[in-house]
Amino acid sequence: MTEDLGRAGDITTDSIIPEEATISAAFVARVPGRIAGLDFAVETFRQLDPEVEIDLLCQDGAPVDPGQSILKVKGRARAVLTAERVALNFVGHLSGIATATRAIVDAVAGTKARITCTRKTTPGLRAIEKYAVRVGGGFNHRFGLDDGILIKDNHVAVAGGITPAIERVKAAVGHMVKIEVEVDTVEQLREALAVGVDAVLLDNMDPPTLKQAVAMIDGRAIAEASGRITVESARAVAQSGVDIISAGWLTHSAPTLDVGLDIV
Amino acid sequence: MTEDLGRAGDITTDSIIPEEATISAAFVARVPGRIAGLDFAVETFRQLDPEVEIDLLCQDGAPVDPGQSILKVKGRARAVLTAERVALNFVGHLSGIATATRAIVDAVAGTKARITCTRKTTPGLRAIEKYAVRVGGGFNHRFGLDDGILIKDNHVAVAGGITPAIERVKAAVGHMVKIEVEVDTVEQLREALAVGVDAVLLDNMDPPTLKQAVAMIDGRAIAEASGRITVESARAVAQSGVDIISAGWLTHSAPTLDVGLDIV
Amino acid sequence: MTEDLGRAGDITTDSIIPEEATISAAFVARVPGRIAGLDFAVETFRQLDPEVEIDLLCQDGAPVDPGQSILKVKGRARAVLTAERVALNFVGHLSGIATATRAIVDAVAGTKARITCTRKTTPGLRAIEKYAVRVGGGFNHRFGLDDGILIKDNHVAVAGGITPAIERVKAAVGHMVKIEVEVDTVEQLREALAVGVDAVLLDNMDPPTLKQAVAMIDGRAIAEASGRITVESARAVAQSGVDIISAGWLTHSAPTLDVGLDIV
Amino acid sequence: MTEDLGRAGDITTDSIIPEEATISAAFVARVPGRIAGLDFAVETFRQLDPEVEIDLLCQDGAPVDPGQSILKVKGRARAVLTAERVALNFVGHLSGIATATRAIVDAVAGTKARITCTRKTTPGLRAIEKYAVRVGGGFNHRFGLDDGILIKDNHVAVAGGITPAIERVKAAVGHMVKIEVEVDTVEQLREALAVGVDAVLLDNMDPPTLKQAVAMIDGRAIAEASGRITVESARAVAQSGVDIISAGWLTHSAPTLDVGLDIV
Amino acid sequence: MTEDLGRAGDITTDSIIPEEATISAAFVARVPGRIAGLDFAVETFRQLDPEVEIDLLCQDGAPVDPGQSILKVKGRARAVLTAERVALNFVGHLSGIATATRAIVDAVAGTKARITCTRKTTPGLRAIEKYAVRVGGGFNHRFGLDDGILIKDNHVAVAGGITPAIERVKAAVGHMVKIEVEVDTVEQLREALAVGVDAVLLDNMDPPTLKQAVAMIDGRAIAEASGRITVESARAVAQSGVDIISAGWLTHSAPTLDVGLDIV
Amino acid sequence: MTEDLGRAGDITTDSIIPEEATISAAFVARVPGRIAGLDFAVETFRQLDPEVEIDLLCQDGAPVDPGQSILKVKGRARAVLTAERVALNFVGHLSGIATATRAIVDAVAGTKARITCTRKTTPGLRAIEKYAVRVGGGFNHRFGLDDGILIKDNHVAVAGGITPAIERVKAAVGHMVKIEVEVDTVEQLREALAVGVDAVLLDNMDPPTLKQAVAMIDGRAIAEASGRITVESARAVAQSGVDIISAGWLTHSAPTLDVGLDIV
């Protein structure tokens, strides 16, 4: 809230609305989608009015239709109007991510592929954006550089090859850390499998190549497909037999879900 | 960076890359757009390697073509690879906003209308998103609830009318604060002008109504048009003679600009 | 409280007073004045004893006479005695500002002049000192460098004149920002009005010159008088017809209001 | 600086002054006094322009005459003009305290009495206000509730007497902590000396009573006089033979020292 | 808790335990000792479940036997299991210090010597480690460099002697600050007493030398013995007649007290 | 440093040592061990004197003998003496952990067992304590509750069995997360292996049972032994064929390494 309140607070509301006035209002979806972030909305209202009454009409993850009420809030009018925009900014942003995730999850329904996000998140919001992905039915990749090994092409280039890169990692990290390596070709995949890794990131491969890669892996590692995969292209990718499909746009380019506050 | 480094830091890079290794790399645009946020990229690299050499090949606001290099970085390989994603997340997000802003600014070129953003920003990033809007040729609306009065429909509803709402504000705020009021109809506009305000937000009016409103205002207040205005619809809105066009999607729904790091 | 508690807390009180002891005490004014800052006193007591009972005997802004009780506090003796000094420091400082403000507000009663503070505040306390000014019946000028334009003599000197300074500002800032310019002479005032501004700061002018300036402005801008204006000189300044009188000493030199804590 | 810069920074300066412009300016005293806080001014300028050149023309503690230059600053014009007010607020506030302290220190010159401040400081500024007292030639009392024992009347009241209060303290605190007790009468003083303390605060006693108290103490404890002691009354108090004179107004009510920034 | 929760929280517990499940559990001592830090455990559980019911079966300072229950906690299973390790880390660390302190306090029982800790504490934990020493029956030495004077050998070396070091200190510090000086020999002690100090730290002296030092001091200063004093050697040191025995290992090397959480 | 400097800074050093005095000093080991934490010492000195010259005479991980110099520091005497204790507290604590770790690492030399620490760390210091373990030749287990799954006995109890606990985890977590389960008996181990996990924690098993467990696992999971394993007992445990030996005392009970500062 500090970002929005600044030094002088909501000077519009404080000038116009009497301190003791109360109102009832509702969050209403303007478009269809999946809701995420209601806890943040509740927390925002509570910070400004600890006594506010909030009635959640759906839970995070629920589908909503245009015009559908999401939550009702009843309390001090000043608090409700001052908190409105920040609460809506959270709900809109996170619901946008949940909605986008659900769309691609639905697209691969019936295959074994799980959808995951990446580290391409909005600065400062990674934890809550990854939460929104889970709300949408997706799974999370690494939360940061410290909770898993992902050897990328640049690492391989500096290390002088896939094999030395993997071997150095194995000598350094603890036993609870998984190791994944990015491969661009079937030759690189063969080399990675020979040294042994927990997962392979099959980068920018088309479905036939992915199918060949999955066959070569043969269960010895988790197979992750990546590279500009959209709602439209996801099903073909999933049908190649990969375990994981990762998509950066879920967190960096999903448009907000339009939700507004109506006085009731 | 803390968000990405976590408690143990970049365990992939630290395991594979020798501490003394250096590399040269470049940020390269994958698609056309406007660049914004280079200072954040520079700062990110500097935090990890204060000695890093960075060569800016363009400035914030510059147009880029696919394949065009944006900045060159030369320094400790560990620092460059560890900072890469955070630096790119900043540049991608802010360049996305600058690119979207420039598109709508170009759409109204030749009219007197200025493009502004709103308070519909990503939580925590308002100041830098508003900077990206300026980079794209837009202007900023209020930074928060405390640096300007914007009387909205909900305020009017609780206050019992436009006139009492404006009068209460005038009695309360300092002389350096501008007062804007949202109006949905020509009747509301007439009432607002009668009391006197610095600006009016003409909400969801079509171009003919806007033209009528601008005529009624006749220079006595700044005229701002708002309400789902897109790159396609902006020119017609601008030709109604309004001074300001505001658009929330510039900050909440502009997709990231695709930029990558290539070793050179 | 941290500043006062340090690392080891209130070692005097903790050594002497049993943990379960309770007391009743009152804040008592030792001199006449206006009270401000009671919320800070309440918060200070609450931080040390969430169960403390506090009875506000007056509200912020109320006049008090010597010996008059301001608030009663009943709770754990340790908490009350430990919080005493910090709570009194807040109330004394803010009441001192409110008292000073009220004195000058009363001095201009019956004129249209409003009293405002400046940015000459105690480091770190700007927001609450400006609140105390409002409690005393004054209004607030800018809260910081970012919520209004005030072009001062040094800006004009570097810009090479009043006209280019104002024009650069108009080309740069958003439509919700007011523009004020400091002028030292009637000639500068004429130039400023020709370009057009929202307000003019008439610096260090005597009442006859102010009267001449107000006539020249003729309602085209807000007229603010500034420059060592005291309780004694304020009325003559106000009678010149200016809209605003600003005074830095309200926040940087108002002496504390003497208030003490008595056990009851 | 954050308090003054807000979210959008110095929009006046940034709009008017070109990024590459440089200026030279000086802090100039408008009235006589003692300077304190130059390090804070330097730090403020450095935060905005690490390359700024600053020439200190005097040191903290130096006397200044009206019109005397205190420091010269040369650097980016934007940085200098943006930092000006915050730097001046520090120097004005702390110099005001140093000036007030010096006046009372001079008043007791030739006696053995040392001047000290109290815990009646501006919230958040205790450490630097106490520094300004030292700059003015004074000494510091406790920095907080944790670095010395001061048993006050309220403690005595709850404890049921001076003797039990002192005894409880002795049983509880470490060997590096001094114990002082406030006494209002000669009888209380006798009781305190009988139990044994490091210092006694002789509260609101007139000079003859103080003289009697000093004689009774006879070097067995440090004698501190307190209670609305002014520059005018201090000498008579000091001549009673007390070791310490404490005065709260040094930190809570000393007016700012008027210092301005002139372009040179 | 942040340190342990990281970005994604307790993924084990959240995956396995239903949100509504509740459990009862107890902290159980595995070895004998003194308990300290229960408030930190309570606070840790409360942060994760504000409704948790906690029943303290003993207080800080109580002796415990192996198998003895210390506190019972009943609440949301997720909260209890997630908070377990952090709560135990606090209790184990602080109880370890209290247990060690009590052992040496018991060793000197019947003498007048008090046991104190030093500034050799774990970074960031000084205040709570010093609390644990008090819980164990010890007293606290200085909390930091600012709440007492301790002139050490290195200060004496740079100052050019004990006498000038003490004299400089007396000229500089306020009247509420105690002065202690470290001496290694009887000659240094004689010099320190001649100038006059509040306390002397007798460093690394054997009991006969300490006895000689105590006799020379003859009540004119507090006598503190220091230097690798253990539970075994403490009694002989205490019998030399010193007032204080200080021991750094109480805070930097006391092993944790083994306490576990059992579901009941 | 704040913890040690408090509000008034190092009043001893500031009173005695002239501002311009410089000294040379060295950190000297008093006992044999492994050094860790030199970067923290360097940073502490740098914070107080950015110009200080530091000469590292060994690196983190190096063995030291009594009397051996570890680093030389040359700079402002005030800075060196003020920083001394904090710098030593870091080096002593971390070197103590590195020394303890190295002892048990040496004890299992020649076996394939790796030594790891646990989450039983000192509150607030986990990241740097885990670093010290690596310096001593050990490896790290989880950094927190969020970067790996460790299903413990309490989880199994609430879940109603090992199988449902593991299955719930597999349904919930991302593909980069490893899953370990604690087993107390061979029966539990068999059940865990049947469902499939990445690692098993063999809790409190004696070497013969561990040997049997390793045989049953037969390379299908990583085998970790845990439970009060000391330097003395570690070799027998390692010879059972386990991959990992974890020991909590490395971080919670390793005594400090005695290092002092000598002026040279």
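As written, the chain order gives the labels A, B, C, D, E and F, with residue 1 at the start of each chain.
One rule holds in what follows: a residue touches a chain if its C-beta (ideal position, glycine included) is under 8 Å from a C-beta of that chain, and two chains touch if they have at least 3 such contacts.
Note that the coordinates shown come from a computational prediction; the quantities given were computed from them, not determined experimentally.
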{"item": "Any chain in contact with chain B as well as chain E", "value": "A, C, D, F"}
{"item": "Those chains which touch chain F and also touch chain C", "value": "A, B, D, E"}
{"item": "Required minimum of steps from chain B to chain F, each step between chains that touch", "value": "1"}
{"item": "Rotation in the CA alignment of chain A with chain C, degrees, nearest 5", "value": "120"}
{"item": "Gap in Å, rounded to a whole number, between the CA centres of chain E and chain D", "value": "34"}
{"item": "Separation of chain B from chain D, taking each centre as the mean of its C-alpha atoms, in whole Å", "value": "46"}
{"item": "Between chain C and chain D, centroid-to-centroid distance (C-alpha), Å", "value": "22"}
{"item": "Residues of chain C touching at least two other chains", "value": "3, 6-8, 126-127, 140, 143-144, 146-147, 150, 173, 177"}
{"item": "Chain contact topology (line, ring, star, complete or other)", "value": "complete"}
{"item": "Residues of chain E touching chain F in the complex", "value": "3-17, 21, 23, 25, 77, 81-82, 84-86, 88-90, 92-93, 96, 119-127, 143-147, 149-152, 154-155, 157-159, 165, 168-169, 171-173, 177, 249, 252-253, 255-256, 261, 263"}
{"item": "Residues of chain E that touch chain D when the two form their complex", "value": "114, 116, 139-143, 146-148, 150, 173-178, 180, 198-199, 222, 224, 243-244"}
{"item": "Residue ranges of chain C in contact with chain F within the complex", "value": "3, 6-7"}
{"item": "Sites on chain C touched by chain A in the complex", "value": "126-127, 130, 140, 143-144, 147"}
